[in-house]
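The letters A, B, C, D, E and F name the chains in turn, as written, and every chain counts its residues from 1.
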Amino acid sequence: MSTSDIYLANGSEVQLFERAYRQRLPVMLTGPTGCGKTRLVEHMGLLLSRPVVTISCHDDLTSSDLVGRFMVTGGDVTWTDGPLTRAVKAGAICYLDEVVEARHDSLAVLHSLTDHRRTLYLDRAGEVVEAPETFMLVCSYNPAYRSSLKELKPSFRQRFVTLPMHYLPPDREAEVIVAEAGVALPTAQRLVQCACAIRTADEAFHFEPPSTRVLVTAAQLIAAGATELEAAEACVLAPLSSDGAISEGLREVAAAGLADADSQSPHR
Amino acid sequence: MSTSDIYLANGSEVQLFERAYRQRLPVMLTGPTGCGKTRLVEHMGLLLSRPVVTISCHDDLTSSDLVGRFMVTGGDVTWTDGPLTRAVKAGAICYLDEVVEARHDSLAVLHSLTDHRRTLYLDRAGEVVEAPETFMLVCSYNPAYRSSLKELKPSFRQRFVTLPMHYLPPDREAEVIVAEAGVALPTAQRLVQCACAIRTADEAFHFEPPSTRVLVTAAQLIAAGATELEAAEACVLAPLSSDGAISEGLREVAAAGLADADSQSPHR
Amino acid sequence: MSTSDIYLANGSEVQLFERAYRQRLPVMLTGPTGCGKTRLVEHMGLLLSRPVVTISCHDDLTSSDLVGRFMVTGGDVTWTDGPLTRAVKAGAICYLDEVVEARHDSLAVLHSLTDHRRTLYLDRAGEVVEAPETFMLVCSYNPAYRSSLKELKPSFRQRFVTLPMHYLPPDREAEVIVAEAGVALPTAQRLVQCACAIRTADEAFHFEPPSTRVLVTAAQLIAAGATELEAAEACVLAPLSSDGAISEGLREVAAAGLADADSQSPHR
Amino acid sequence: MSTSDIYLANGSEVQLFERAYRQRLPVMLTGPTGCGKTRLVEHMGLLLSRPVVTISCHDDLTSSDLVGRFMVTGGDVTWTDGPLTRAVKAGAICYLDEVVEARHDSLAVLHSLTDHRRTLYLDRAGEVVEAPETFMLVCSYNPAYRSSLKELKPSFRQRFVTLPMHYLPPDREAEVIVAEAGVALPTAQRLVQCACAIRTADEAFHFEPPSTRVLVTAAQLIAAGATELEAAEACVLAPLSSDGAISEGLREVAAAGLADADSQSPHR
Amino acid sequence: MSTSDIYLANGSEVQLFERAYRQRLPVMLTGPTGCGKTRLVEHMGLLLSRPVVTISCHDDLTSSDLVGRFMVTGGDVTWTDGPLTRAVKAGAICYLDEVVEARHDSLAVLHSLTDHRRTLYLDRAGEVVEAPETFMLVCSYNPAYRSSLKELKPSFRQRFVTLPMHYLPPDREAEVIVAEAGVALPTAQRLVQCACAIRTADEAFHFEPPSTRVLVTAAQLIAAGATELEAAEACVLAPLSSDGAISEGLREVAAAGLADADSQSPHR
Amino acid sequence: MSTSDIYLANGSEVQLFERAYRQRLPVMLTGPTGCGKTRLVEHMGLLLSRPVVTISCHDDLTSSDLVGRFMVTGGDVTWTDGPLTRAVKAGAICYLDEVVEARHDSLAVLHSLTDHRRTLYLDRAGEVVEAPETFMLVCSYNPAYRSSLKELKPSFRQRFVTLPMHYLPPDREAEVIVAEAGVALPTAQRLVQCACAIRTADEAFHFEPPSTRVLVTAAQLIAAGATELEAAEACVLAPLSSDGAISEGLREVAAAGLADADSQSPHR
């Protein structure tokens, strides 16, 4: 029923993911924002009948946030498993989104889970958890978004089977938009055309190009009564830049995509 | 009764906001300080009959400040919801003012609320809160105020329907001033003229231009007996710069706006 | 009885302060160290019959230091109001001295007190305190002392009615010195002359010029038996610089001010 | 039974390790990622019949994480040994992986264990633990991965017998791959050839070259049905770089290694 | 009996200190290391019959370290005064040595003690302590030792009567050495001569010149049997520099001072 | 019985140390790693019949780690002395190894112990500990290892009698190696020759030269069956550099030292 049932494969990523799962190897998904990394993981969870535990990584994510901590209850101290530990014990797929953002101690705790040991050492709790066969670790990161301060160490990257993800081809992307937002196909096609124009121009502008997710959002706004131009402005162009001159340039690029969009009435 | 009942729309922001609300999409408001972002949110709260929970973001705002924390009471530890969690549970509009100031862990906690999941994961409490249909997340930030240290990540910006806000046109701005401070219209018009002159000169000076809020404050001072020049000095010019030479330049620009202001008596 | 009863106004600051108070607007005092900012606030407290709560801001001042915190007593946890909360509840004048030094979370907590809401949100205590009519927030900062690391954000500065403060004219300054230290008028005049000479030369030296407070201190030393030159050395010159060459230059500048000071005997 | 039973020595590292053990000297293993440092330690543990306690070092590893800390239980405070203390008391081999990542206080705590004292001082617990004869400290680090921020101090490096590790010669490496992943020898040979080509080109590219571990992973993927090219892409090339141009160059280098790989069917 | 009974004044510092005390003004002592700042404070304590509370300032000195903190005892929380609070309550002389090292919150807490308020606000304890007449605050810092990271703010320096301190003239310095270490006068004179030579050369070398304290230490070593050259090497030269070339230069400078020192036998 | 019984003096350090002890003066040992600083302290402990308390300083060493802290036991809080306090109370020799690494608050706490006061102020415990006559403070640091971030302040260095330490002359060094590792004298001589060659070349390479400790370790490896070349590689050369070209250069320098070493059989 939910939109996450739909996953349109773009290459051999589903098969390779499944092979890594069967060999109990961890997977690293790379690719631009919104190209479907999270969707792939959710899709594989359904396909492999495993629950997915998602953890959004960030600057202040410590190893304690992952594995658990001692907490005071009624004067006593009891250990509470963190989401990673819960995922290991449940034999779930544990998905660390934007893993490059996490602090280094969080990454070090993953080492013993990503090699032949497949074991989580809870040093503070004095517990050793061997991962069941069905446990799988999946990480994602977006190499195009280069933060000067943070980079995954090569030795860490080499611990994973790496699956590079890309945008869907235009036809498939338009299908996704129709399926998720309920707009007419020509509207979806014009939004994709607009996004492709910007993605191509991106080399020059060095922005994070518009994602499929952004096009779905724009289509939802159109479905709610906005014109295609309003929706493209609010969802595709405005998040890219707030520099007047650049926005103007992007608007022209996008206009070429939407073309006669304004003469169209919104679809529901 | 309160001044927040008044909201004069400047474009299609009210309609687009409502459409985003109906499609359960999060909204990002951008624009200069005091152009009416907070007022728009309060106005939409009344229009959509939803309470508004406002959170002023800052450097030290952690995810715990947003979602809640465990607190010790009588030797025991109980979870206390933070304002974001309270807003999600109440199906309120949660407004994160100047979201760019918050720490990264605060932003990561928003991810699952801004995509198709619309869910808040309280990892520490071990609770999962699905947002009701009426919950809406609204953020604001001022792209003109560029802090070299902090920038919203493109992938974060793409999670929102972006509504760029601007100053009101002079006539509407003067109306607002009259309504809020109770001064005579010509006084309000001169204050607006003075602000417009500085806003135009701003390209050269690179200051944060004077906001509508600042003009209302000046008008309130005039209503309390200050001369127009005194009020413009204290509320419009003095906050802009403390560099003597620049202040002098601004004073001339402003003087052109206020023109024969000094010959006027203050109004009540 | 105390010296804080004396306040000699230098311009319209007393009237503007009172008008801001009547309109319930927050005030920002700017100006060099020791030009009378703290004295003005104390004077206005007496004039408006409001208690003054002074908070010296610094690097480590957190919002908890301002609004309060939970504290453990006998195993239980009780909330203790901070000085800002106490000032709001008491309808006092809350004076944040050198506000630019405070941490950003301390400033964010002031937002809702400085706009039409006039409300303090104690998120951690789950309490909302509406400021009574008599509550007033006053901040001060010295724009001449430029710390490269810290600057008030323009949007913060625009929340206040700004009253720039200056040194008293020489005659008035000498009167203050006589009143506070009990020295003879000629001594006070020579000290002022000495300070003025340095203040004028300050453009070249880029030091913080000597304040009125410093001259009062020198006069008190003279009243206790020091020679004028000794007192000027210890209170006016020595704090300015410890670089030999510069001190020499300052000494000459000061000597011109004190002139035949040494031939004078100290006064009581 | 487990893969860690297999260790193919590459030089005299086994003998030197054993001699250091007999003389109760600490050992430092250096060399590129995945060249077998961890395997050597596990192998020596079996050979010397000592348990191995592995600690993955990272940025936030404190001395308390190593030696232990006081913990509150039932209102009381009891000391809990950390993994280093447990290893010392058990006379185990304590292996600090990537020791350069640890914080300095963690390294200082090792001093008294690495000289003639062979003693661990638990200052906070007020306990002094003399290491039994069988205790051995082993550290590893990868000097090729130069972090500009961190470097082992020369005086620290001089506390260890240093054993530089290298990749296995191609024949032995192919044997390891066959033994661990169960692929046919020619497949293993082609993977090794591919890795050698990149390792040779590495001088120009300055990447962390592909490790034996990475080749085993690729072989496991092949054993699970992936083509050799797919496996080499996902395990060898993709982790090296996400820069398009560089990846292309690497792909050509690798293709020379895999040669007619694509015409081969995968082996099990 | 103790060496701190001896204080040989170098100028009018004793009188000015006493005048500041009588007028209840805080004092700032400046000057090179070991020129007698601490001795002056101890001497004044005896002279004015006030106890001296000395606090060595450093990087991590917080305001809580100065004013006190809440501490848990038997489940309850009780406030414990810090050394500054104890000094204020006792009407003692509180001496903050090397005040420039302290953290900014420590300095902010001093503001209200250094102006006409002479009051210590214990915000956390909710207590206000008015200083008795006999309380005096004395700070010291060494302006020659320029740390690029830390500088006293001009507005802070202006809160004090500043007394610049210098080395004693050679004759007096030799007397102090004889009195404190019990060596013969010619030995003391040669040590002073040696120090003076280095102090003069200091302009070129930019080191912290040798203090009187260092000469006393050298004399004590001589009194214990060391030769004058050994003592001068260990106490005067070695602490100045560990750069070979520079040490050589210093040694020549010092040799000129000690001259025929080696032919002398040590004295007791 | 233990190797620490052996100390071969290199100059007058033993006598000067003893004289400082008799005059109750603190001592600072400087010199390259492994030249015998720790050994001298242990030797003096035996000679003066005082226990030695050694503290390895590091980045995170706080004053609390030195003097002690309050700890919760059974709901109550009790003070626990740190190693410095224990040493002071016991009248021991307290040895702070690599004192330059410690945090500044740790150094400030030493001030009152290093001047005529010889007193430890436990501000938090409210206790004042006067050092007994037998207490002695000894610090060490290696001036050749220049960390750009940390430097002992000149005023701190001047508080100590400084004893510069050097490598032993070749003959004595070889004797130490024979005594400690049980190898034949010619082997020890070749190791010393090898070290001297590198120490001489060090001016060009700027490495931390090999210490006596390193030569003893190499000799121990030889005693356990390693060849002289293997031992020199693992203990002398490998810790110096991991840069291929430089290692090659060092190897040649070392080879000149070991000369016909390979034709020798290991000795026991």
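Everything below uses one rule, namely that contacts are C-beta pairs under 8 Å (C-beta built on N, C-alpha and C of every residue); 3 or more make two chains touch, one makes a residue touch a chain.
Everything quoted here is computed from the prediction, not taken from an experiment.
Novice: Listed by label, which chains are in contact with chain A and with chain F?
Specialist: D
Novice: Specify the angle of rotation obtained when superposing chain A on chain B by their C-alpha atoms, rounded to a multiple of 5 degrees.
Specialist: The rotation relating chain A to chain B comes to 60 degrees.
Novice: Please work out the Cα centroid separation of chain A and chain E, and write it as a whole number of Å.
Specialist: 61
Novice: For chain A versus chain C, what separation do you get between their C-alpha means, in angstrom?
Specialist: 53
Novice: Rounded to the nearest whole Å, what is the centre-to-centre distance of chain C and chain E, using the mean of the C-alpha atoms as each centre?
Specialist: One centre to the other, that is 30 Å.
Novice: Which parts of chain E, given as residue numbers and ranges, touch two or more other chains?
Specialist: 72, 75
Novice: So if I start at chain D and go to chain F next, what's the full loop of chains?
Specialist: Here the ring, read from chain D toward chain F, comes out as D, F, E, C, B, A.
Novice: Write out the stretch or stretches of chain C touching chain E in their complex.
Specialist: Residues 2-4, 33-34, 38, 54-61, 65, 71-75, 80, 82-83, 97-98, 101, 142, 145, 207-208, 210-211, 213-214, 217, 220-221, 223-226, 230, 234-235, 238-240, 242 of chain C touch chain E in their complex.
Novice: Which residues of chain F touch chain E in the complex?
Specialist: That would be residues 12, 15-16, 19-20, 22-23, 25, 28, 30, 62-63, 70, 72, 75-77, 103-105, 107-109, 111-112, 115-116, 121, 123, 126, 143-144, 153-155, 157-164 of chain F.
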